[in-house]
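As written, the chains take the letters A, B, C, D, E and F, and residue 1 is the first residue of each chain.
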Amino acid sequence: MATTKAPEHRFIDQMQPGEQLADQVFLVCKKDLRTTTNGGLYIHLVLGDRTGQLLGRIWNASQQQYEMIPDGGFLCVRGRTESYKGALQFIVDGLRAADKGTFDIGDYIPRTKHDIDKMWTEVLAILRTIKHPLLLALIKEFVKDEGIVEGFKRAPAAVTNHHAYVGGLLEHTLSVLTLATRVFGKNDDSDSHYPEVSRDLVLAGVFLHDIGKTAELTYDTNFTYTSAGQLVGHITQAAIWIDRKAADVADATGQPFPEDLQNVLTHIVLSHHGTYEFGSPRLPACLEAIAVHYLDNLDARLNMALSAIEDARNADSDWTEYARPLETKVFKKNVMGLPKK
Amino acid sequence: MATTKAPEHRFIDQMQPGEQLADQVFLVCKKDLRTTTNGGLYIHLVLGDRTGQLLGRIWNASQQQYEMIPDGGFLCVRGRTESYKGALQFIVDGLRAADKGTFDIGDYIPRTKHDIDKMWTEVLAILRTIKHPLLLALIKEFVKDEGIVEGFKRAPAAVTNHHAYVGGLLEHTLSVLTLATRVFGKNDDSDSHYPEVSRDLVLAGVFLHDIGKTAELTYDTNFTYTSAGQLVGHITQAAIWIDRKAADVADATGQPFPEDLQNVLTHIVLSHHGTYEFGSPRLPACLEAIAVHYLDNLDARLNMALSAIEDARNADSDWTEYARPLETKVFKKNVMGLPKK
Amino acid sequence: MATTKAPEHRFIDQMQPGEQLADQVFLVCKKDLRTTTNGGLYIHLVLGDRTGQLLGRIWNASQQQYEMIPDGGFLCVRGRTESYKGALQFIVDGLRAADKGTFDIGDYIPRTKHDIDKMWTEVLAILRTIKHPLLLALIKEFVKDEGIVEGFKRAPAAVTNHHAYVGGLLEHTLSVLTLATRVFGKNDDSDSHYPEVSRDLVLAGVFLHDIGKTAELTYDTNFTYTSAGQLVGHITQAAIWIDRKAADVADATGQPFPEDLQNVLTHIVLSHHGTYEFGSPRLPACLEAIAVHYLDNLDARLNMALSAIEDARNADSDWTEYARPLETKVFKKNVMGLPKK
Amino acid sequence: MATTKAPEHRFIDQMQPGEQLADQVFLVCKKDLRTTTNGGLYIHLVLGDRTGQLLGRIWNASQQQYEMIPDGGFLCVRGRTESYKGALQFIVDGLRAADKGTFDIGDYIPRTKHDIDKMWTEVLAILRTIKHPLLLALIKEFVKDEGIVEGFKRAPAAVTNHHAYVGGLLEHTLSVLTLATRVFGKNDDSDSHYPEVSRDLVLAGVFLHDIGKTAELTYDTNFTYTSAGQLVGHITQAAIWIDRKAADVADATGQPFPEDLQNVLTHIVLSHHGTYEFGSPRLPACLEAIAVHYLDNLDARLNMALSAIEDARNADSDWTEYARPLETKVFKKNVMGLPKK
Amino acid sequence: MATTKAPEHRFIDQMQPGEQLADQVFLVCKKDLRTTTNGGLYIHLVLGDRTGQLLGRIWNASQQQYEMIPDGGFLCVRGRTESYKGALQFIVDGLRAADKGTFDIGDYIPRTKHDIDKMWTEVLAILRTIKHPLLLALIKEFVKDEGIVEGFKRAPAAVTNHHAYVGGLLEHTLSVLTLATRVFGKNDDSDSHYPEVSRDLVLAGVFLHDIGKTAELTYDTNFTYTSAGQLVGHITQAAIWIDRKAADVADATGQPFPEDLQNVLTHIVLSHHGTYEFGSPRLPACLEAIAVHYLDNLDARLNMALSAIEDARNADSDWTEYARPLETKVFKKNVMGLPKK
Amino acid sequence: MATTKAPEHRFIDQMQPGEQLADQVFLVCKKDLRTTTNGGLYIHLVLGDRTGQLLGRIWNASQQQYEMIPDGGFLCVRGRTESYKGALQFIVDGLRAADKGTFDIGDYIPRTKHDIDKMWTEVLAILRTIKHPLLLALIKEFVKDEGIVEGFKRAPAAVTNHHAYVGGLLEHTLSVLTLATRVFGKNDDSDSHYPEVSRDLVLAGVFLHDIGKTAELTYDTNFTYTSAGQLVGHITQAAIWIDRKAADVADATGQPFPEDLQNVLTHIVLSHHGTYEFGSPRLPACLEAIAVHYLDNLDARLNMALSAIEDARNADSDWTEYARPLETKVFKKNVMGLPKK
């Protein structure tokens, strides 16, 4: 049988009760073989795509059916949606393995809405405006490191709090870099709002502040912490990488990398969470560390609130659900008649 | 005797040991008549100008001399500087009342380095870019209130932490307003970095966030809290004023001021300290409240660090003294070879 | 068909397994149409009255039945009770719309056990003993405000913590007012336990301390926060109302309301939660603010503990469930042989 | 030489600059022999009475003079007062030992303004209204313990925070007991504001809550912690004493003291500080523990504020100094025209 | 029918899906009679043994069957295991009462792996090395108290955190005592690592630090707090017992027990949690209190981590589940190639 | 004039009032030229040695004298001691430069009482018992690094809290290493108290836990933080060094250093402060991290308490001064009749 391209994916967050679906591929997040009260078997499934999760059920199931369902893999199904306890569930009437190539893996892992390569190009363009030659050389060592860059372009910015999607770290970093150029000068510091603050150090600090997340998180199938991430953490990881790259610059120039410069840059990364409670072993103690901490937070917090609003878009309430990192619900009513949101 | 203009004021932070000074006017911060160990009298003084304080002593003093020194007023003195316990002290050899008009009161109270009227004009220009008619009308009610505007142009932004000088509130507010236009658009939101955030609400919120400080602080002779400031606080004061001005707008338009709009604007002010511990009775719970909180903090914290650096400019150390609101010393070494600081 | 009065309501907290009920009206808190494992339909309900909630099920249901059940409205049912997972559930055998007038809405929302009008009369009697004419005039402005008084008589004192029922705010306020007269004098301060404390200010502060809750909470169908409540909060709301009423007094007398008096009264309200963590933007800083804070807490905490004991009355244990606001379980064993509890 | 009665003591808080004093007795808090800058000797003294401390100086002193001054004892002096650094100092012109009997020791240690025996009689009268025979028997064991009662009548309620004077513990305990009878009934619980709360347990708990302070503090010469106080603390001390007295009751009745009753009473004492941070190993978990905690705090906090106001009586400001236990200054302006304070 | 010995107990943590079991006895933790969707009855059970809990179901059940199942007692069942929602469930095909004597109660309550009497003998051997005669006498009073010793040999060290099994308190105490002899000397202090620290006081303090848990916890059927435990707590309980035993020593010797010694020993117990937040009313303030606090914590925390590792032994992950008292997951990968774990 | 060896140094903590001293060398911590009240000059000095500081005065001084006194250097003086404000002061009658070689620099900086080289030998002996070849190789890279070892042998363990003297880091590390061998086995883990814990990892972790302090602190003239110390901190510094040394091992073996092993070792160092508040970016999450944290604290806290006791040795009180890091005074009374302390 020819494996034909599956029809366009019907996303979970678009579904309504009462839909008939055919040839739809989902990620199998969980499967269970259960006994009904009159002794028959049924399979309980949790299906997923990048927009959410969906409960599925297969009545009158068999052990063979159960075994052919790939746990953590992709399944092609036919069936209909119902409302159950106020949420949708999907009653599966037919199923088969989902052949590779018949679906787009990008439909199943949440991912930035922006073009990753284009964003990376923009990041590079901003970094190129750094004037200090050794700082620029250090940044170039990172940009030349294919392993880091590969991760940097794919990693989420966090597991749950903000920019929690493939490309999120890049999107967040680009946003803060752009914000920094708005505040400290587009191409150089001639029109900086705070001329006493080193634009070069701020840009370098923003670029590196979360770069350790490429080692702290896994992001191929789902977003979790690596053992390295849990044992060492992205903040210390970045400090170690700066040390390695500074050694590389020293090798290239034949001069020791300036100790003060390395220390300040490391300090900006170490202190960017702002408080000990949030895992920073140092508090911001120079102008640039203060700047990076607040710009990073401004962007991350607005993204958290925007995500909360987006997730709650269709609800009647003027408020989102409780957003844990903000310690509050978010008021989402458009009191200004803004056209965009 | 004709009262001639005193010679240019010799500022306390410029003085060196061993200077001979004549016809110098100082603010008398404290005076004391004391007995020396061999039974004579001397007067212990604390003299001040806008750059700091100076210990003064008058040996072989008399009760009459003591009584003619105006406590909290201005005194014209002649004498010489010495080093005492690592700090300067001033040995007074002659003194007389300081005639009004012979000195510039601006030399004695710390004051913004910028032109107050020019800054106010810039604030008005930014506020005029608010598009929402009722919000603009509300802001105009504040701008029309001479008592508030008079205070707004003179008040410090805080007693000690940041912008603690005459005109500091205005300087800080203008800086955050300008910062807001860099982030959310110069004249309108067409080039905002965050188009989902209402530029109008951010600008109005920034303008009003600390306006209650005009009632919370006194700032004619020194900076302290008023009774109203201690009992009610600038945050609640601003909420009350917004209510009054909204009523004024309603009177003018014949329509009740939109409740949601007043609530959101009040919320931005109430929550701008960011945490309960810092006296905010609400946590930021809308996009604009988050934006105002972080922009305000970015500007205030950078100003704290810059002040710490400025106060410590001549010291040998690479670090300032401990800056309490930052919970750290500030590293002030110019590791980037910046020309400006 | 004549709508006859339904039989006396059988309250949920009185029900036992195995009861047959007919013509019983319940509030429909939630409804769900579900598929049974063999393909039939059933309806899952959550029914409520003022004493609690009850799970209901309708087997062999139809879509039409499902649609005629009013979500958030009242339903008249016939059926029987069962024990399910240690809790009751109700198997519905018949149902019809509940005609207005056939049931008492007061059976469905929890409500003070006391007579609301009688309590309000007592509050007024106590307030009339305030001697200071301007303070009394200010209080009268509140008493004349029908919107506020209407809310004051119906609002709960809190969403969950204490006095969480219709009339709870009034009951709590009356209790603290009475407590205050016990401590500071029944009719005047001639037999006050603390003559240095202004009885007038304490009484006014107690009356107003939670009055903002009338705007902070909704309490017609269930108890939740309004948008105004979440954005502004009852504490700031009361400060704004005091400002408005003081203006009304000033209009009436032709004299500005004394600023200090308004500030102190506002301070008592602002600080009555006692700590920043609990949302007070000021800490109690005058005798009367200290008095109101502790009397309010004494009454609220005892009510929390009493509610915990009441809710747990039939259980075997000597302890109630964990009472979150008290951070502990409550010991309810009668070790003293008290007859009342 | 006949020792005649010294003239009435001139209290330190009454002194003005420029007074001539003779035959005045002071407590010597500190003495120092120092060299003047031209080689002579002088003695630096800190003199005290129950109203405060005073700096003293003896010019042209000798070693013999220095040695005859009793450190921690009483000295009779002649001399004059001066203003020094805004505070008074006393220049001693003559001195001799203060003969016992020529001065009243009560002038030198701060002490309750009330009659100690009269207060104790009132405490006993209230305790006698306890109805529960075993609880009453337990209380009687404490009342019969002369060592405890002796301490109870003299101990301060705290080293610095509140009621920090001889008799302060008794004064505070009586005040809270009286407060408790106002709330829970004068002679029995027939007119209690909270009939569900055991009046007997509240009274017993109030009586015992701070009784361990008699062992925790010394209060003969000054107020400090004993070693037992620092190692064990008054809260655990009271728990141990309750255990001993319960054993005494059991001995007397031949019946074991009811375990639950001892546990609840102990719990009230253990939890009366209200939070772990303040040294309570338990949080209030029964009605009576809640009642004792809030009544105790109401009385202690009002006393702190009143002491702050009293200490600051003559100052110009409307505010007292910062009162550390209240975490604020206290507003002391009489906005109500109260005649008493 | 002869009741024969049941076959060896099949422990819950060993079971796999698809097992057939007969004549197996379990503790009945919960039972429920429920209606299936087609009107039949089934019984929902929670069965337990010392290794965990298991969901059970009896299809086509009757009311009689339901009633014969002993709630909180032991049931003998026949049936088969299934996988349900990723966990096992047990389908009961037959059941009867479990005759006493046919099963070992030790299989149903978690219990130390070590021999209780052997551990107790070791504890006694270590305590006998205490040299100070009065301290030794005090300890002997505890050892002679059969009620305490009985509890001490059976109590868990905590309800959930560490050593939460019968004999856990004894196991933990012995471990810390042994640790103490490693640090402070095996038989005396001649080879102590810290000769300034009293080995006697450390040993006595370790023995008594948690002894109050014998009164704080129940541990016959499950592990919960007693009323005494919740009202008074094990820390204060131990202080009271020390007071009683010191009185017993005094009776025996005819000399008052040295107050300082009792205070220091009591202090070690009171302060062993180390912070107020963890319920210690005192902070460690002598060398021995510091030593006991850290040795106790070292042992308890390692036990928590080891338990977390043991509970997670078969999982794929390198990390255990989140261990609440450690505020982290535990890394359990054997990076050193250790043979033992 | 021949510079002869100065007489034995008279240490500041041994001095009594009324001593005549000659040819005594002190460190000049501070110098000041001041005017006496009758116009003459005197010099105010702070002199120091390793046991403390002493106020000095030179009456009838000249500018020349003042200038010849080396600030921060060594001065040879003659004079006498006096009591001033309860503290000693030293009246200088003669002074001259202190010739190098005439005094022992070790008398002026506090220093461990133990032999540094002997302690280092003991450390090496313990480290040699590490069995894991790569871990041993990594440790050897540190031992081969002369810069680190030089610092390790001289650095204090902290600026003020504990082991604050030259050699303190080495002394503390050796003490914890020895402690670790007592707990985890003398030569190998065959007699470990916790066989599940890797003795090798604990030893390596203890050795490295504070090694970053060699870069964090300066300790030649006094103990302060370096810029690197304040910007980066000893914890991150150690993580960076481990990364470098692991790279060195990889270079030597031609194999990448095992990532897990490096991560776990780094984790032990990162988490050894135990909480975020104390600057650890990770919480202890493996057995060895828990062990290192508690052994480190046990040793450091006992040292703090012992130092407090030693500093307070001659006082009358049973208590030391308040020891800030312990948040308490320390009880130092010998209640056990111990001969040693």
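Methods note: a contact is a pair of C-beta atoms (placed from the backbone, for glycine too) under 8 Å apart; a residue touches a chain by one contact, two chains touch by 3 or more.
For clarity, every value in this text was computed on a predicted model and none was experimentally measured.
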Would you mind checking the shortest number of contact hops between chain C and chain F? 2
Common contacts of chain A and chain B, by label, are C, F
Go ahead and note the Å separation of the Cα centroids belonging to chain A and chain F. 46
Going by residue number, chain B touches two or more other chains at 37-38, 227, 230-231, 260, 264, 267, 285-286, 329, 331, 333
So the touching chain pairs work out to A-B, A-C, A-E, A-F, B-C, B-D, B-F, C-D, C-E, D-E, D-F, E-F
For the chain D and chain E complex, residues of the former touching the latter: 227-228, 230-233, 235-236, 239-240, 243-244, 259-260, 263-264, 266-267, 270, 276-282, 285-286
Per the touch rule above, chain C residues touching chain A in the complex are 30, 32-35, 37-39, 44, 227, 230-231
Complex interface listing, chain A residues touching chain C: 36-38, 40, 42, 59, 82-86, 91, 318-319, 329, 331, 333
Write out the stretch or stretches of chain A touching chain B in their complex. 132, 135, 175, 178-179, 182-183, 193-198, 200-201, 258, 260-261, 264, 267, 283-287, 290-291, 294-295, 297-298, 301-302, 305-306, 309, 326-333, 335-338, 340-341
